[in-house]
Structure formats: C-alpha cells, structure tokens
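In order of appearance the chains are A, B, C, D, E and F, and numbering begins at 1 in each one.
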Amino acid sequence: MKLLVINPNISTSVSELIRSESERCLLPGTEVDVITAPFGVAYIETRAEALIGGFAAMQLAAEHYADYDGVVIAAFGDPGLEAIREMLPCPVIGMTEAALASASLYGGRCSIIAISNRIKSWYRETAEQHGFGQRLASIRSLSDPLADIGRVQEDQGARLLALAQDAIDKDGADCLIMAGAPLAGLARSLADQIPVPVLDGVSCAVRQAQMQVLAGSQTRSAGSYAPPPEKGHQGLTPALAALIGRAC
Amino acid sequence: MKLLVINPNISTSVSELIRSESERCLLPGTEVDVITAPFGVAYIETRAEALIGGFAAMQLAAEHYADYDGVVIAAFGDPGLEAIREMLPCPVIGMTEAALASASLYGGRCSIIAISNRIKSWYRETAEQHGFGQRLASIRSLSDPLADIGRVQEDQGARLLALAQDAIDKDGADCLIMAGAPLAGLARSLADQIPVPVLDGVSCAVRQAQMQVLAGSQTRSAGSYAPPPEKGHQGLTPALAALIGRAC
Amino acid sequence: MKLLVINPNISTSVSELIRSESERCLLPGTEVDVITAPFGVAYIETRAEALIGGFAAMQLAAEHYADYDGVVIAAFGDPGLEAIREMLPCPVIGMTEAALASASLYGGRCSIIAISNRIKSWYRETAEQHGFGQRLASIRSLSDPLADIGRVQEDQGARLLALAQDAIDKDGADCLIMAGAPLAGLARSLADQIPVPVLDGVSCAVRQAQMQVLAGSQTRSAGSYAPPPEKGHQGLTPALAALIGRAC
Amino acid sequence: MKLLVINPNISTSVSELIRSESERCLLPGTEVDVITAPFGVAYIETRAEALIGGFAAMQLAAEHYADYDGVVIAAFGDPGLEAIREMLPCPVIGMTEAALASASLYGGRCSIIAISNRIKSWYRETAEQHGFGQRLASIRSLSDPLADIGRVQEDQGARLLALAQDAIDKDGADCLIMAGAPLAGLARSLADQIPVPVLDGVSCAVRQAQMQVLAGSQTRSAGSYAPPPEKGHQGLTPALAALIGRAC
Amino acid sequence: MKLLVINPNISTSVSELIRSESERCLLPGTEVDVITAPFGVAYIETRAEALIGGFAAMQLAAEHYADYDGVVIAAFGDPGLEAIREMLPCPVIGMTEAALASASLYGGRCSIIAISNRIKSWYRETAEQHGFGQRLASIRSLSDPLADIGRVQEDQGARLLALAQDAIDKDGADCLIMAGAPLAGLARSLADQIPVPVLDGVSCAVRQAQMQVLAGSQTRSAGSYAPPPEKGHQGLTPALAALIGRAC
Amino acid sequence: MKLLVINPNISTSVSELIRSESERCLLPGTEVDVITAPFGVAYIETRAEALIGGFAAMQLAAEHYADYDGVVIAAFGDPGLEAIREMLPCPVIGMTEAALASASLYGGRCSIIAISNRIKSWYRETAEQHGFGQRLASIRSLSDPLADIGRVQEDQGARLLALAQDAIDKDGADCLIMAGAPLAGLARSLADQIPVPVLDGVSCAVRQAQMQVLAGSQTRSAGSYAPPPEKGHQGLTPALAALIGRAC
C-alpha cells in the first residue's frame, strides 16, 4: 500500500515532522510519500489561509493521486478535505476528522490543544462541521506569537503540557488531541506526563487511511460523493480538469 | 456606494442574470459591477467545484476589492465566503447566508428550491454551517439534468413551481428561497403564483451588502476576522500576497 | 415608504432615543413615526413585563398599521413580535431578530451586551427561539440597578465598554450587539473604541424593515402566517377584532 | 388544596370539558375552580391568538391567584405561561409542558395529536422552547375545519384514532398526547383502542400542579423567576400593578 | 397503591435515607417498600458501577414487581431504568428523569449538585440521554473523598450549600436538584437557606410514580416498549426468564 | 497482539459469523479469540436484553481481559461498552461506535440497515449517545420476524439490498452500515451491488481495536475513565471485584 501525505503549506520543516510521525505509524508493507504545497503560507491559522492551502492540496492531489492507494491531508482543520474526497476515487483522510473519530473510541469528551489563539475559531468550526461538537470538551491554545513554526514543540513544551492539564482539570477532557502538523509527534513524547490518552492528528490520519484502504475498494456511483454530471470548465490544470470531467 | 459582485463560475450567461437582478435591487446612488471567474466550472454543484470557485473568487476579490465599498459572492453555497470576508477590510456577503438571514425575518421556517439533486448536500451543509439548520424546513430540487444553465427558469418553470408548492404543503415552509444564481430573478416572476414570501439569493445579498455598507465602517482588529499575524508565503498573486501579509 | 416604530413600554424618554436612532437609518424617501405604549412598564426586564408590552404593542399595531408600509417592534427581546407579524399583512420586524440576523452577516459569533442581569434569561431564550443559539457567544450585562432608564449610556458608558471588551477577549465574540432600546445609538458612539463590529437593535430593525418593504409585497395565504380560519371572539378592540376575523 | 384553572379562551363549552377532566384528577382534599377568559377568541390556533389569550390569562391570574395554592393555564401551547409563572408566588403549570414532562416518564419519544393543521407550528415551537424537541416524534393533526369546538371529540373521533395509529406506526411514537383543551378527556376514552400510553394535557397539568403544591413552598428570591426590581408602570389593572411593583 | 423502591446499591444506610424521604411523599393510601441490592457497590459513581447496579435492580424488579403498582429505581443516574421500564407492565420511574421532569415545571434552567467529581460525567450523560441537556445549567460537585456515604449531609452540609449558591450566581440556575440517594431529604432541610426551588430525586420519583399509577393502566402493545418477540435464552433467573419470554 | 471478541449473546452460530469476519480483518501478527455469553438471549433487540448482555459481557471481560491487548464488544448497540471501557486498562471497542466513527471518514451521512423494526429505537439511542446523531441519515430495517438468527443473510439478502437502496435514494445516505452481528460479513458480499461504501460493525471494531492497540499504551489516571475511588462491594465475581477495588 502506498499513501500520499499532502502538506497544504509551504513549510518543508513541517513536512519533515509529518514524515517522521507518518513513518512511525505504517503497517508492514505500507510506504508513504510526503509532498509540500508549491504555493501558500508557512502555516494555516485562518479561514483565508485554509482556502489557499485547500486549493493547493487539491491541485497536488489531482496531479499525484493515481500512484497511491490513499491520500492524507496533513493540516489540522482539514483544508480542502471534503472537496478532494469527493473528487478522488480512493480514500482521502483529514487530520482533524481522523483525530476526532479516533478520540471518540476512547469514550467521553476530548479537548484540542492548539498552537495559537487565532486558530481556535477555525478548529471549532471544523469540529462542528464534522459533527463532533457534542464530544468536544474545549479548545485551548498557546497565546504568544510563534518564533519558529518548526520548533514549537521545543520552544513551548512546558506551556503545552500546562494547557493539557488545564483541559483535563477544568474542562473535563477524557482524551486530548495535540492539534496541528507542527505538533506532530508531541503526543508521543508527552504521553508519559499526561494522565489521559493523547492523540496526534498525523498518526491518527495515517492509521485511519491505512484502515480504510484495507477495508477494500468501495464504489461511489451514488450519493453526494459520486462523480457529478460533466460540465463545462476552463483554466484548470489538466489533472484537475480530467477529474472534474470524468464520467459517472 | 460601489459594489463588486463576483460570479465564482465561468458562465457569462449566469453573470448576466446576476447583473439584471442586482441592478433591480440598488438603492439610489449605488453602482454595481459583476465580474466572472477566469477559471473554474460552468456552475457549482459539488464541494470540489465549490473549492475551485472559492479560490477563483478569492483571487478576484483580492485584485479588485480596493475600488469598492462591499463585495458579494454570487453563487449559492457561498464558495470562499468566510475566507474572503476574513481577508478584506470591507463588507463581504454571500447569497446563501443573506437569503437565510433575510428569510428569518419573515418568521417560521423556510425551504430552499434548488436546481439539481446533487447540489442538495452542499446546500444543507452550508445552511447548517451558517447556523440556520433550525430554521430550515427542507431542500427540494429538480432531478433532471440541466440542458442549459442560462435557461433553467424557462425550461423548468412549471417544475420549480410544483417544488415550491410541495415545500409549503408537505414540509411546512413559511417562506421559500429560490437558490442558485441560475435562478436569479425567478422569485420576482413567480411571486404572484406562490402563497408565501419567496426570496432570491442575489437580491438578498445585494440588499444586505448595501445595508452593511450603510451601517458604517467597522474595525476588525480583534476576534477571528482580524488580520492574522504576518507569516511567510510564496507563489501567491501580488494582490493576495499583500492581503495575507498586511499588518494587524 | 412610511414605517411605524412601536415602543412597547411607557417611557417617552426611550421613545426619543429610538426616534433619534431610527432617523439616522432612513433611506431617502422613508418616513418614520414612533409611538409609545399607553400602558405597561418603564422598561422590560422579564417575561411578565414582555407579555404586557407585547399585548400593548399588538393593540397599537392593529390600530395604526394601515397607514404604514412596515412596522418595527422596538424593544429588545421582541415582545409580541411573532403574534403581530402573523396578524398584519405588512412587514413586521423585531430588534433582536434583526440584530442577530444582521450580526450573522459579519461572520463568526456575536455577544449581546445588556442593561441588567435579570434581563439575560429573557434575551437568551429569545435568541434561541429565533434559532440563533449556535451563533451566540455570550450575553454580558450591567449588574447595578439603573438610576435612570433614559440615561444609561451616560451613567454606565465605561462599564458597558468593559463588558464589550470582555465579550471579545473571554467569550470569543467576533461582533457585538448593544441590546435594549435604552442603548439605542450607543453602538454608533462606541464604534471607534471597540475592535469588532458593534450593532444596535434599533438601527438593524429599521434598516431590515426598509429592506423587506423594498423586496415587494409578499402574499401569505398559506403557511403558518396566513390568516387563520375566522372564529368567534369577544372583548377585543375593534381594530384587533377586524384582524382576527379577516378572511383568508 | 385549591387549584385555579384558567381557560385563556372565551368558550364556556370548553371550560366545561376542562372542569370535567380536572375533577377526575383531584387528590383527596383538592378543590378546583375553572374560570374563562372575559375577552379573546373561541380557541387558540395561532401565535396572535395565543398572545391575546396569554394576556387575558395573566389578568385573571393576577386578580384571583391569592385564593389558590396553584394555577393551571388550560390551553395547549401554554399561552402566557412563563410570564404568569414569573409573576406569581405559587406554582403555575401549563398543559403542554406538563404533558411533555409526564410523557417523558414513559420513555422513548411521544407524538402530539392536534385539532388543526394551522395549530401545528405553534405547538412545535412551544415544545422546542420547553426543551422537549429531542423527545418529540411528530405532530399530526386533523385537517378539516372544525364545525363545533365543543364537539370535536364526537365529530372527529375516528379520524383522531387514525392519526394516533399513524403516529405510532410511521413516526415511531412510544406515547401520545391528545393536545388542546377541546380534546380534554379523549385520552381516557380512547385508551383502550390505542396500543401505547396516551395522555391528556388537562389531566397532566392538574396532576403536576398538585404535585408541585405538595412539594412545599419554594422561595424564588434569586434567579430569573424572582420578583424584578420595582419600576414605573401605568394603565395596569390594580391586581397586575400590585404584582409588577411587589418588592423582591 | 403499593410502590416498590429499589436501591441498586448494597448500602442499607442509604436505603434508610431513601425510605424516610419516600414515606414523606406518599399520598393517602400509598404504601412503599424499599429493597436493597444483594450484590454490587456501596454507591454508584461510574458507568461500570451503574451497569452492575442496573443488573442487580433488574433482577430485583423481575422478582418482586408483581406485588406492586409501580417501581422506582432509587439511584441518581437511573441505572437500568430504560431496560426495566421496557420489561415490566407497570410504571417504572427513575430519580434523575423524575427530578429533571419535575424541575422543568419550575421554568428556566436547573443545576445538579452532586456528591463527587467523578460522578459528574455519568450524570451529564444521563441528563443528555433523557433529552434534558437544553434545560441543564450546570453540574457542581463535592471534590473531597466521602468519609461515610450515610453521613454526607451532616459532614458536608456547608459545602453543599455553597455549591448551591454558586450554581445560582455563576451558572444561572433557576432551580436546583440535590442529586444522589445519599442526599435524600437534604433539599427539604436546606430549602429555607436556598433562594430558588430545590428538589430531591427520591421525592420527585416517588411522587411521579404515584401520579403515573393514578393516570391509569396504559397498554404497551406497540412501540419500542412493547414486549419483544420471544426468543431463546439461558441462564436467567426464573423471574427474568418469564419476562423475557412473555408473549406480546 | 491478541484481541478478545465478546459476543454478549448466547448464540454460538452468531459467534461463528463474528469469528469469520474478525479473522478477515487481522493485521499480520494479530490473533483473536471469540467467546460467547454463558447467559442471556439469542440476540439483542431491546434495552432490556442489552442490559443482560452488557452485564454478561462485563463478567466475561473481567475474567479474561488480562490475557489480551484489547477487547471488542461484538453486538451492535454496544451493550456494556462504556462500563467495560471504564473498568479495563486496555482498549475496549464497540461495534456501533467503531462503525459510526469509520463511516464518518467517508464523508457525508450514513444509514444503518438493521434486522428488525424493534431494534431501531435502541440503535438510534446508541448513535445519539455516541454523539453521531448529526451524521445519521436514517435507520431502515427488516420487518418480518427472523426465522433463524444464524441465517438472516441467506434468508433476507434481497430485502436487505432493497433497504440499502432506499436509504441511498430516499434518505440521502452517502455510506451504509450493515448493523448487527448476525449480518457480519454481509457488507463484504454485497459491496459490489451497492453504489456507496458499505461497512460492517465487526470488521470496523476489529480494525479500530488493532489501531488503538498500535497507538500505544495510554494512561487513564485522570478523567472519567480513571479507576474510581475504592469502595465497599459484595457479591461480585472475584475478577469483577478485583477491578472495582483496584487502586487509582
């Protein structure tokens, strides 16, 4: 099985974090490639940045999906996820939905630990759109500006741990999600210091993607993820145009 | 006052429908320009097509907003709306949210009449994301493929009227929304034959945009629509780059 | 266009605040009359006071509506709104619903700033009944008794500003509503000191009422706002009796 | 114990139905008086008629409550209920809330059987405002105009039974509520022919009122049902004025 | 009328509290027996303990119900309630649902005061499953370990009173529920010191059970509480086996 | 890795279906044991039967868990799940929650296809309790009594396929879940004839359990799944007693 992991942002340092964490989650026989958006921003905090990252991911997905069994969109907040899922014939998994679905299987309610105040609204909206609002205890975040997106874990480790403890003690979290690709791997290193299960979006997404591939090929010739009627288009990359125009 | 109305699709015939309906809704002293997406699809039915249209609209908005007092995103389903709103310093209004907010002021629950079966999931998700799920009685739609997107009203008038009557009789709608830019103006022509108020997304959006402009300039230096922290970016159009990088 | 604005309370000082703010929101050619309830209380804080004010407004509306194109119920909490809307053939708009619908078009979530602790339950219930619970970040209020209902803005300006800032910082409000007719005009005077859009119930209601009038006459011969079957009645004012007994 | 049951409508024939059913539900030592609104409509189907009935009930309640241990508002839809509850120092119970609360103790979901199509919107809104939306399976109703409000049970018995069966078979109701004072007593006479528990609003309200009286006097000097701050008023009946102006 | 009250726990000291409070709530002619689980835990704080208590209560109910007109499950959190209700032909009432339904008839929102931090998740889940989430203001609890389950009221009275006041002042509770059989009777003794109505699960359940018995026998031959199709079984107590296998 | 799969029912023919489907879902190196409840019913359709099955599963889990890395509760409706999860230190997964969480990663909404009308209420309540109500399009079921629980798939294959098609066409399902252990494996055999992804509870649970085991050991020394305070108990099996009394 081959997985394509798409970083919708331009930060290759974050792509390296994603790659490391992804590789720790592979089943025997699975390979993974991580690719980085050719245009966009360093990391996504806002709805505007998410639209840019989503479109970049969509173009990458159209270009490369054919060589893979499944695709992971590796930014928390799932930019472009539903659009790309609808477009491709293979499994497409997002970090937020995978983390929330995985967290639901630990029972109770979970909290999300995030890297900036600004990012919280987008995360909350995403969780609610996925239908997980009832299971979400809270979202807590760092409040200082990030000095280096590739070094958040080292720079802010103690503060992230304190946020985790507050989510448990004050918000009643039974489970935590360390959100955002820049935190990839942090759940693993902090697990010993946190008294509830702590999940990582990248590893959840890579594991759930493998599971969905293993579940076998699934037709989508009906429902709202079936190919839409063909229609006129212009100005799209050839790969994207081919998918928009594919027959049902 | 000058309004910019963006058609996120490539159909100039639909842009003409939008322009005609927009002009009927202008207050004295308001001017409107309608522009058409340079890339994308003929009309949006799916989440994938909405992502393409949303990004096209975003680029257009960044390029042109400075000459206008407010912006309207003229596709039902509001592609790119929240991203563009967050990015621009002026009012940005979507057809779906404007129609739902306007409909709420007629009391009770409203139904959406749509142009295709496939489009219903995307509309439902949009209405729920805007928080109007509790006020939505139903979504009903045409089921046959569209022969000509610029002539839906002429080709399917009787069928659309029957859908409207079903929404009232079977779903308990107190108000109707004729959804989708291809239906722009239909509410006006059918109003006499429909026994409840019937709204049009384009006219609602153009009217609400004027109202928000008249309400006066409103700062957004806090909250989740404030400019985000500046961050690294690459490969964006200069206009988009300027907005991503603007200081708080 | 002529609008009738009904103050459901007996405070003529508040009617003057309402008139001043209303006049600032008129489109060219619109005239407005403000009338004051002949019986009731000085200002509405409770469900009991709202029922009194609602019935007073209903009698005034029945008596005077025929000379107007639209009616505004000018007390936050919308006393009698749905009843009066159902009864009259013209647009009827409430301050709370208009403010919440207008706020929804700024995106994100809004908070309501209110004049007393006691009033919060009634406001929360109203917002939820209108279906806006999902978009409401919080309701914050003054806690001291009001010395003079016509001078709340002058007496409590600094405290109201502090409440606004708390709603933004602690509750995540992206937009604020200054609630209650006694605060009419405050949004305008505080806008420069508040870093998110700030709305006023009176101006939202007067603007939305004009918009609904401009949208053109809309039949209501079906649905739950159609005239009900005629039925026996007694003891009503002639104007009210005429509306209860009108044919479908 | 003495209970006051207020019919918010002018129909003395319905008051007799209410009295008969009430008397069947009295505990040893309880007495009941039924009084009829001096003004208003024959029966309530709409939000407008509910406002009239609510205000009539409020005036009656203020005038007479002092001689009673508890008050029942005997129209389904609970006109004026929350206002009257807030105003009086004794238990005040509505038919809809009492029926829904009682139904909840049979488990599962309940359906409401109503006397007219038009009345359904008001009932649905009432059930949702009381927070019982999750437990409501459906509302089904007669569709023909009522010939005689005092003889609905005799005239439409077979049709009401068919509606009950549909609610069970098609909507999954585990329990039924025969709604509206004109149906008072019907649940009792149909119980043998309906395969799930069937409740009556009058009997539920009279029973719950007695229970709340038996639970003992309960202070309300805090919270949103405490007496509000005294405030200026004019034009109220002396009894109403005394309650609006009472000290905390 | 004879009621069976089942304590799903093994604490006979708590059974005595339940018995005392139950007896204070009996109508003339009602008798009550309280029985104690033969196996299980001292008091229920967790979902695991609730499953044990629920099964113990089910076996007791099957063994003894035939001699009674109604059954009360006397542990807050309602262990086994829906299962036992479905199994028996007579009324079965739980403490939590009875308290929440009774509280709803005081208007507004209620808070639950609980005996331990750990118990809060189970209570919240129970309230939400019963559909009362919208009416729940908060759950507040003691945080210290309990020295003696039969003496919580004496040991922690002042702390419980402070929790009650916080629920009113900070969470906006209009009504309180003293939760858990170990607090049976506390509402009665604290009522004078608490400025809103305060309810007790045992008394609410015993009163509602009597009311449901008085409402008369109600068939359940359809819906989801009807006897299920007979099916194979093994290893059940004879009493339980007889109920599982009873004909529709 | 070793998994324990517990059939909470007494049907060994169903245990064989569970075993077959489980074995098809094992990762390299995983072993599975399937055990059958020593007491209970042939299959679970009701809340009462679910309580019996839940307690049987709990005793089995306590007795055997120590030899396994994770536990699966193999009856749709998840009898005893939250209790057993709370009690054991290892991953515990239910069929319903695993199927719903897995289905959520296909996007849109899913429908459940069930084996009897009666079972639908229990399934709906379970889905809502897990927080997946917003993602559930419908539950459709067979309506005839089952002749042989071990041969439902053979006996009712065509009817189940028709239900699946109705869920897609009429309810808007984007994904299907074949619910109930008696349908284990059916999703696999029908996948070719169904135009949307179709999932099986057993395979989802077995796959998600393996994934959670692979995610590594996760402490639960805080939150609502931590070991509760030790407390008195009696009459429990030694294995269960040991878990109830374990130190935090």
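Assume contacts are C-beta pairs under 8 Å (C-beta built on N, C-alpha and C of every residue); 3 or more make two chains touch, one makes a residue touch a chain.
The model shown is predicted, which means the values in this text are computed figures rather than measured ones.
By the document's definition of touch, common neighbours of chain B and chain F comprise A, D. When the partners of chain C are compared with those of chain D, the chains appearing in both lists are B, E.
Graph distance from chain A to chain D, where chains that touch are one step apart, equals 2.
Using CA-based centroids throughout, the chain positioned farthest away from chain E is B. Each chain gets one centre point, the mean of its Cα atoms, and the points for chain D and chain E are 27 Å apart. One finds 43 Å separating the Cα centroids of chain B and chain D. Under the contact definition stated at the top, the residues of chain B that touch 2 or more other chains are 82, 85-86, 108, 120-121, 172, 174, 224, 226.
Pairs of chains meeting the touch criterion: A-B, A-C, A-E, A-F, B-C, B-D, B-F, C-D, C-E, D-E, D-F, E-F.
Those residues of chain D that touch chain F in the shared complex are 108, 172, 174. Across the complex, chain C meets chain D through its residues 10-11, 38-43, 45-52, 54-55, 58, 80, 82-87, 116, 118, 120-122, 125, 128-129, 145, 224, 226, 228-229, 231-236, 240, 243-244. Every residue of chain E that touches chain A in the complex is listed here, in rising order: 120-121. Chain E makes touch with chain D in their complex at residues 25, 27-28, 82, 85-86, 91, 93, 97-98, 101-102, 104-108, 130-135, 168-169, 172-175, 188, 191-192, 194-199, 203, 207-208, 211-212, 214-216, 218-226.
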